[in-house]
Each structure stands twice: as structure tokens, then as C-alpha cells.
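Listed next: structures, encoded as C-alpha cells.
Note that subunit A is present in both complexes that follow, paired respectively with subunit B and with subunit C.
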Partner chain A sequence: MRLRPAEWQLVLPLALAYAAFFLVPLLLLVAVSAYADEKITTPGFAMWRKFLGDPFTWKVIFDTVKLGVYTVAATVLVGYPLALVYLGAGPRAQRVILFVVILPLLTSVVVRTFAWIVILGREGVINQTVLWLGLAPAPLRLLQTEHGLVIALTQIEMPLLLLPLLSVMSRMDPSLRDASAALGASRWRTLFRVTLPLSLPGLVAGCMLVFASSTTAFISQFVIGGNRLVYLPLLIWQQSLVVYNWPLASAAALTLLVSVGAGVAAIAALGRRSRAYAI
Partner chain B sequence: MRFKDLSYSLVVGVLAGLGFLILVAPVLIVLVTSLTRGRSIKFPPSGLSLQWYELLFDPVRSSQIHRAALNSLEVALAAMLAATVLATLASVALARRGGPWVRALDTFFMSPLILPMLAFGLAALMYFTFLGFRPSLTLIAIGHVIVVSPLVLRTTFASMSQLDPALLESSASLGASWLYTFRRVTLPVIAPGIAAGAFLAFVGSLDNVPISLFLAGPRSDMLPIRMWGMMESMLDPRVAAVSGVLIAVVLVLMLVMERVVGLTRSFK
Partner chain C sequence: MTHARFTRRHVLAGAAATLGSLALGRSAHAKGSVTAAMYPGTWEEAYRAHVAPALKKAHDIDLEMTPLFAVDQIAKVQAARGAPPFDAFVLDPGPRVTGIERALFEKFDARRLPNLGRLPAGMADDWGITVAAQVVGIGYNPKKLPRPKGYPDLLKEPWVSRLGMTGFQTTFGTVSIIEIAKQFGGSETNVEPFFVEIKKVLSKVAAIGAPASMPALFQQGQCDITYTNTQTVATLRGRGVDIEFVKPESGAVAFFTTMHIARGSKEHDNLYKYFDTVISAPVQAALMQPPNNFIPVNRDVKLASDLPMASLDEMAKFVRHDWAKINPLRAGWIERFNKEVSK
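Moving on to the complex of A and B:
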């Protein structure tokens, strides 16, 4: 169905703004990456060869994707049960959970990152608890490790998983779960045969957002991971704002774009596959 | 089967409790830490005082932070207004329509949500530099409009789907012009969605790092970027105080929005 001309005019301002300030800059990104020198004068793929020919680049790409996968797994592990509790809760408790989910989403990423420095630091909350309980003889090293970063990203990204998930779950028909229980299914069986398949669209949408956000969370990666953990966003930042090698930075940015796109597409495909199996 | 149900409650309960704790604890810890009497950031604090808030609100010693905060507020207001107007108009036209063109446009408009913002930030920096612009708040606001528009689109789309088309038809058949129908029928119905979207856009711009990182210059410092700098050099305890203020502001805004438009409802 085609839009009436009057309605085209309503879409036009946003479409033009996107074309001028979103689409054209992205095309420029592709163009700049196809220049061989830092001054952007000679076209050529030297930067791409230099970037992709370096084994370090591939390690960084692998680490970035791995970070995204770990974060998705960790957020689902604690986020999905929280969504299940939300599903079974009364209206008041539901509002409390929703509030708790939205609050971190609306507090700045920098604030959330800062919180995790206080928690994971040498004299941080976790280390003090561990020492007090006598679980370890010396403070654990949590900052500048992948574990610490994944724990922090779990909180930083969890609202992105929960919002689509809760919105799908609250539209589910509760009588289906009741029917499953009345027919003698255990709660585990009801979860895997009824609730999970029905909530899959929300789960998939949430996982995509978490993956896309955690792989590109520059400040969190940099501040919690430190210099020793290198991910693609750090390379982009170094090349563009420290070294001023824009073609190489563009190549790195496009690599990030493709990696995130591939990850998101893989999650979507996985979602479609498992839906076919579930029903 | 009894045992199985018990194990279900146990596993789900423990994991959900952990999730709840992970979500809430950092926010509380930041608030408590910001009240420390000590000279460094530690939890639990060595005593309570408001000294870091006093330092933060000192117009001379924290002038850079104030400047960055004002810049961020100015950009957030501009980006919110522009994104709300543009996205509301677009969603009024696009909502509840099908077809490949509409779907393609929708995907295009939503793509900044999934696309790495960092890549877009770099692209915007190069674009504006080639066009000959110097870093300025206007450029940052333009970048923010692109990344917060999807938030407004999403909430207005959702409230457009609650609009009964029969209302529009009867308004038109009674002789009302399109504009009149829009003002008297459409707008009142979708106003909560627009308000929720505007709120999200405001907060989204205020918190934005990846765009500001590339477009902010020495004369257009932004609050999140300044806070990052304060965390990088030597953990400045004023970061905790700024965080405390930000959390309080968002909390108040959230409660107001909940009262006025039912913010939590717009997420369902």
C-alpha cells in the first residue's frame, strides 16, 4: 500500500535529516576507508590490507565478539529468571520490578561504569566481602579482567534485555501456563514447552540489543577493562582521536559494524531455528 | 514432581534475586559513596558528609563541570525538541501501515539503535570536518537527534496503535480538516506516548557518550566526557557527587513522568 502524498510530507523531514546526517556520513565512512594514506589523498586499499593483515586485529575482533557473547549469556542467565518472577508477580511487585529495570537504563552509562569501579576495585565491595569471609588470602584482581568487565556489563546492559522481554511476556495469555500446569506438567516443563517458546521474540530482540550495545560500550570497556583488554572500539578511538589515521579508523569502524551486524543476524537466525524446534 | 517444582522455585528465585541485586546495588552504592567523609572513594565510606557535593556546587572550583553540565543540558533540550517533532510527524504517517516501503523506512529509522554508535560518531566527525564545520554544540545536537529519534518513534508508534481509526474517519466525515483532526483527536490520544518518548530522548542525549566523544571539542565539553576524564586521571570523588545528582534528577523525572503519563506503562 502506498502512502498518500500528504503523509509523505510528514515523513519527509525525518527522512531528510536521516539522509543528510546519517546515511551520507556512513557512506563517507566507507569512502574514507578506501584511502591508502593518512592525509586522505590517494585511493587504495592499503589500510584495509594493513588492518586485516595484522593477526592482532583478528584477536581483537574475536575478543570483541566473545565479550558480546559472554555478556548476552550472563544477562540471560539472571535476566530471564527475573522476567519469570515478574510474570508471576502481582501488579504492585510488577511495577517495582519495572522501575528497578528502568532506573539503571536512565542513569548514565558513565555513572554505571563508575559504580562498578567502586564495587570491583582492590578496596571495593566484593574484595572487602571476600577478605572478611576469609575466602581468599589477598584481594582479587577484578578490574582489568574479562570476568570483571562481563559482570559490570551484565548490569549495564540488562535493562536492554528486560524491556523487550517484559513487554512480550506481559502480553502472553496466562491461561496457557495454567492449562499446562492443570494437565500435569511440572513447572520446568511448562517453562521450556510453553513460556520460553512464547517469549522467544522478546528474548531474541533483547539479546540483539545487549550484543550490539556491549560490543560497542567504549567507556565501560576502556575504564573497567583498562589498556590490557583491547576491543574494537578502543582501536577506533586510538586511530581516530589519538593517531589521527582516519582511513584506518574507518576500516576499524566498518569492521565493528560488520562484526556487530553478523552477531545480531546470528542471534536472529538462532531465534528462528529454535522457534521451529519448540513448536 | 514436587521436588522438581521446588528446584524450579529455588533456581529461578536465586537467579532472579541475583539479577535484582545486580540491578539495584550499584545505584545504591554510588549514592552512599558520594556521601563519604574521606578523601578517596571507598565503600563503605569512612564517615558521612556532604563535602563532595559542596565542592561540586562551588562555582569556582568546579566551573569546568558546571560548564559541561550546562552544555549537556542545552544539547539535550535541543535534541529532544527536534527529535520529538520529527519522529512524531513520521510515526503519525507510518503507524499502522504495511507494505515494503513503510517497512524499509521503519527499519532505516530504527537502525541507529542496533548500529554501533561509535562508528556513526566517527562518520559524523569526518563528515562535519570535510564540510568545514568546527566542533560545536549544534553539531553534537544534530548527531544526538539521529540516535534518539528511534526512541520517540517507538513510543509514539505504540500509542498510535491504540488510536481507533473510526475516530479519525468520523472526524473527517463530519467535515474536520486534517489539521483539526490531528489536533483534537490524534494528539490527545498519543500525547502520553510522545511525552514518554521525549523523556527518553532527553535522557538518551544527556547520557550519550559515543557521539559526544567524537564531536565534542575543547569549547564544547560534555558532561559524560568530562566525567570520564575525572575517572581516568585519579578517581576524583566528585564523580560520585555528579552521579548522585544525576541519579536524583532522573529519579525525580521518572516519578513525575510516572504520575503524568504512566511511564512504566509505555514500556509494555
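Moving on to the complex of A and C:
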């Protein structure tokens, strides 16, 4: 589409803001990472060599991406059935569901994260229930474990999956599902051949948001995971704010950007493939 | 429906109004006010309650605070390159040394502080003024654990399986790990023995957490013993948490919190008045009271009975560290800690 001059002028403020507050800092990040010393005086790629040459870095990259994949899987498992309930509900129930979905966004992520310490802790709600039911002889270790972190992130990131998903689902034509049923398709067949393919754009968008947000969720990762679970955002924080090695921090930040970008691209590609398969 | 037409004049007028309001905000700040970086939480609340009213009353100066941890202050001023986002730093010894090395402070003239004579000797230098002391030792829950004697106990049963640890990101974490290392043959510059010993018991340690989450982890019973400072112990006790402070056999660690003028600040006169108000006896006495629990540096203030010393002079016997030696090693220690403790 060819934009008329008046239209490109409208885009200009946002484009300039993007250039000033995203593109320029990003270029600065690339430039700073190309210095070999902490004081940013000698150009060179020593920091990149140090960072990528360390097998521990690769373990951290792998763990960060794995955390994103687990969180996406868990949010989809829990969130998609809720979206189906939303699809079948009346307008009033839909409003209630939407409100419940948005509710966590009204609280700061810091508060939600600290609330999970109370829930997952040794004397927390889950452990008290487990002990009361006699399911375990001693409190389970949930805090500072990967599964504890995934549980917390599933709740924290859930609105990011559900909002695009519900938005797509609410525009879905109900007569298509009725037609599928009238043509003799079972409920499961209708779900997999009609509802799921039609909701894919929302599902894919939600998964991309959850993946990007959970892999970069420094506060939740550090507060719930502690020092036992090391992810890329923790390395960036340590290098930039504790030891002031900005070239190394920049290298780590760019690595995170590339890792998250690759993950998001993979989800988008998967979405495209499955849509083609569904059709 | 008609569309509002944006002319170039409209846009310019809007931009001018925005910039104008920003400039007005800046000039309001410039007269009779200082912007001080402040540790978030207890410090910020206590300074808002006691220092800000005292400064306003004595000198008609408004105190604006920017809540930032020490490391964040250094990073922000360094990134600002000569146009600091605040006028005064509040720092622990490690970031203080970094600030001096990276020339982030204005030269300090302690003679401009009328209350300087009320502080013990050596509390001011060419870079800043000491405003509070911190004493680090062991905090434990006496209802769940026997009283530990010293740092080596932290790595033994029954304490180790209830131990909450932090790494080298904070001052209290760094000095505590150095002290543990010393008990096993290490030194201020050699924490290798700590890594050897911790590896043997790592799977038993109850929590290795973010420094900011440690009080919450203790409060929730995730851990029942940790290395910490007297202020955190007193604050938690004030919230009804069962916690006692233990001065380890090898000695408690003391370090000082200092304030500095950010390089490029134009508020020198007001800043000296701010620093002087902070170290004045009435303010120091108020800061010592619960729920603030600061350790004062003014000799005229009688120390609270629950502090591990009767007078400020006793602190000379406490363990001290040379951060000029520690800082260059810290990056390596943090890296090592990540590798040793991560799963």
C-alpha cells in the first residue's frame, strides 16, 4: 500500500520516538559490547569471546529458553480450556471471565511475585495443604525450583496469553461450530478442526507474548528462583549494576535479545505451519 | 464528524508547552531543595519521616528523594556523564570506592558541617561524610534452632538445612562470605575455602535468594538462620518475627554508610545543610528508634540497649574490610558463585 504524504507524517512521531528510544539505545548496546575492557576504552571483542566461550553461558541460554517454553506450555494448558469456557459462556459470564483475566494486571508484578513466596514457601498455603492431606512427610521444596518458578510465571503471564486469545475467540462466528456439529462432527473433532484453527492467530500471539515476557521476567526469576536458578536477565543485572562491566552486560543483553527473538520467530513459524496443516 | 486539523503551529505550541513545563519543574527544584538518592524501604521511609521535616524546619530546604540502591546510583550517575539525576549519594563502602575511582563525587569539605565535632574521628574525608553504621552478624529463629556460636556453625547441622544465603551482590553478603572463608583459612582476598566448604553442603541449604527477598523468606519460614545486619533483625522483630541477632565468636562486621555530593551538582550549600541535619543528634536519635533501627554516628546519642555495643568507640574492635582490595575481585567471585550454586 502506498502511503499518501499526510499519512506518513502521522507515523513520523512514533517512528522518531522508536528511533530515539529503541533504535539508538540498541545501537549503543551493540557499540558498547564491542569494547574489550570494563572502562570502555579499548575496542575489541574480548568480552564476546569471554561470554560465548564459557560453557556456563550456553547452559544459562538453554535454561532461559527452556523456562520460556515450559511457561508457554503451562499457560496454554491452563489458559486454553478457560478460553473455551469463555467461548461457550453468555455475555454476562464472558464479562466476568474477562474481568478475572484482567484483574492480575491491576496489581504490580512485584506484589504478585512476593505473593508467590507466601504461597510456595515452606510454611505456605500449598505445603500446609500437602501436609494436612498427608501427601508428603515433610514440606516440599517449591521455592527456588524450576517447577515452582513455572507455576508462578503461569499465573503471572496468564493475561498475556488470554487477552489476544479471547479477543480472537469473541470474533469467531458461532454458526461455524454449529455447522460442524450439524454435519456430524463430534465435539473433539469440532474443537480440533474448527475452533482451534480459527483461534490460532490469538493463540500464537499470546504464546509469543508469554515467551518474551517470561524469559525476560527478571524480578520473578530472581525473587522466586533465587541464586540457584541463573537466567540471562540475572547475568545482565550482575554485570551492569553490581560489577559495572557494561561491555559484558551488553553482550549478555544482545544474546538475550537474539534468544528471545529466535524463540518468538519459532513460535510464529509453528503457528503458520499448523494453520496450513489445519486448513 | 469533523477532524481536528494539526498544523505545524499546533505541534510547535504543544512541544513548547511540554518543554516549558519541564523547565519550570526544574527551576522549582533548583531553589531551596536537594534531590538525594535514598535506599528504598526503611531508609526512604525514615528519612521522609524525620530528615525531611527537620531540614525544612531548620533551613527551609525541601528534600526530594530518588529511591535507588547503591549500585544503581553509581550506574545512573556514570551513565548521566556529568548531569547527575540527583545531588547526593548514599553508599556502602564497595560502591563508595567505585565512585571515588570513577570520579563521580565532588570534593568534600567537612569543615562546613557544624555537627562534625559530634562524630568520632575519621568519619569524614575528602569525599564524603559517614551518616550511619551497620553491624553484620547472624540472625536466627530461637524457637526453631539452638543459638549458633559463629560462622562455621552456619555450615553444620542443624543450622545448614535451615540456612538462607545471598551471594556477593550486596555489601553484607560479600563481607559475610569473606568472614566464613576466613574461618576455614581464607582471607579478605581469598574466598576459595568458602566455595570448598559450601560445595559439601549445598544440597542441604534451605534458600539461596535475592537479597531483597531474604526478609520475606525468613518471615515465611523458608529459612531460619541467615547472615544479616542489626537493622534487618530489629525491623523483622518489630513485625513479630522470631529472630535474634548473634555476634559471631570471630567478631561482628562493621561498615559505614556514607553520603557524597554527585559530580556536577549545583546545590552545594543546601547539600551541606542536608548532611549536617542528617548527622545532628535529634535526627540521629529519631532514626535509631523503631521501626527505623539505624545505628547512629553522633556521640550525643545514647545507643539502644539491643545493639551489640555500648558505645560507638567499641566499633573500632569490630571486623573491618578494605573495599579497594575487594572490588577488583568481586566480578570473579560473582561468576564463581553463579557456577557453584546454580543447578
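Note that the second predicted complex is superposed on the first by the 269 of 279 C-alpha atoms of A that agree within 3 Å, B and C clash if a C-alpha of one lies under 4 Å from a C-alpha of the other, contacts with A are read in each partner's own complex, and residues count from 1 in each chain.
The rule is short, and it goes like this: contacts are C-beta pairs under 8 Å (C-beta built on N, C-alpha and C of every residue); 3 or more make two chains touch, one makes a residue touch a chain.
In this text, all values refer to a predicted model and were calculated from it rather than measured experimentally.
**Student:** Should the pairing of subunit B and subunit C on subunit A count as a clash or a fit in the superposition?
**Tutor:** Subunit B/subunit C on subunit A - steric clash.
**Student:** Return first, second, both or neither, reflecting whether A:Leu209 touches subunit B, subunit C, both chains, or no partner chain.
**Tutor:** The first partner, subunit B, only.
**Student:** After the superposition on A, what does A:Phe114 contact: first (subunit B), second (subunit C), both or neither?
**Tutor:** Once the two structures are laid over each other on A, A:Phe114 reaches both partners.
**Student:** Could you look at A:Val85 and tell me whether it touches subunit B, subunit C, both or neither (first, second, both, neither)?
**Tutor:** So A:Val85 only meets subunit B here.
**Student:** With both complexes overlaid on chain A, does A:Glu123 touch subunit B (first), subunit C (second), both or neither?
**Tutor:** Touch partners of A:Glu123: subunit B and subunit C.
**Student:** Is A:Leu200 contacted by the first partner subunit B, the second partner subunit C, both or neither?
**Tutor:** After superposing on A, A:Leu200 lies clear of both subunit B and subunit C.
**Student:** Check whether A:Ala15 is in contact with subunit B, with subunit C, with both or with neither, and answer first, second, both or neither.
**Tutor:** Once the two structures are laid over each other on A, A:Ala15 reaches subunit B alone.
**Student:** Mind telling me which of the two, subunit B or subunit C, contacts the most residues of subunit A?
**Tutor:** Comparing subunit B with subunit C, the partner touching more subunit A residues is B.
**Student:** In the overlay, answer first, second, both or neither for which of subunit B and subunit C A:Leu241 touches.
**Tutor:** both
**Student:** Taking the superposition on A as described, I'd like to know which of subunit B and subunit C A:Ile267 touches: first, second, both or neither.
**Tutor:** Touch partners of A:Ile267: none, neither subunit B nor subunit C.
**Student:** Quick one: is A:Val223 in contact with subunit B, with subunit C, with both, or with neither? Answer first, second, both or neither.
**Tutor:** The answer is both, since A:Val223 touches subunit B and subunit C.
**Student:** What stretch of subunit B clashes with subunit C when the complexes are fitted on chain A: 56-64, 110-118 or 146-154?
**Tutor:** 56-64
**Student:** Could you give the residue numbers on subunit A that contact subunit B in one complex and subunit C in the other?
**Tutor:** Looking at subunit A, the two contact sets intersect at 114, 117-118, 123-124, 223, 240-241.
**Student:** In their shared complex, at which residues does subunit C touch subunit A?
**Tutor:** 71-72, 74-75, 78, 98, 165-169, 206-210, 212-213, 216-217, 220-222, 330-331, 334, 337-339, 341-343
**Student:** Note which residues of subunit B are touching subunit A in the complex, please.
**Tutor:** So the residues of subunit B touching subunit A come out as 1, 4-5, 7-9, 11-13, 15-16, 18-20, 22-27, 29-30, 33, 41-43, 85-87, 89-90, 92-94, 97-99, 101-102, 105, 108-109, 112-120, 122-127, 130, 142-143, 145-146, 149, 178, 203, 206-207, 209-210, 213-214, 224, 227-228, 231-232, 235, 239-240, 242-243, 246-247, 250-251, 253-254, 263-264, 267-268.
**Student:** Which part of subunit A faces subunit B closely enough to touch in the complex?
**Tutor:** For this pair, the touching residues of subunit A are 1-3, 6-8, 10-11, 13-15, 17-18, 21-22, 24-26, 28-29, 32, 77-82, 84-85, 95, 97-104, 106-119, 123-125, 128, 151, 154-155, 158-159, 163, 166-167, 170-171, 186-188, 191, 208-209, 212, 215-216, 218-219, 223, 233, 236-237, 240-241, 246, 249-250, 253-254, 256-257, 260-261, 264.
**Student:** Once bound in the complex, which stretches of subunit A touch subunit C?
**Tutor:** So the residues of subunit A touching subunit C come out as 56, 114, 117-118, 121-124, 143-144, 146, 222-223, 226-230, 234-235, 238-245.
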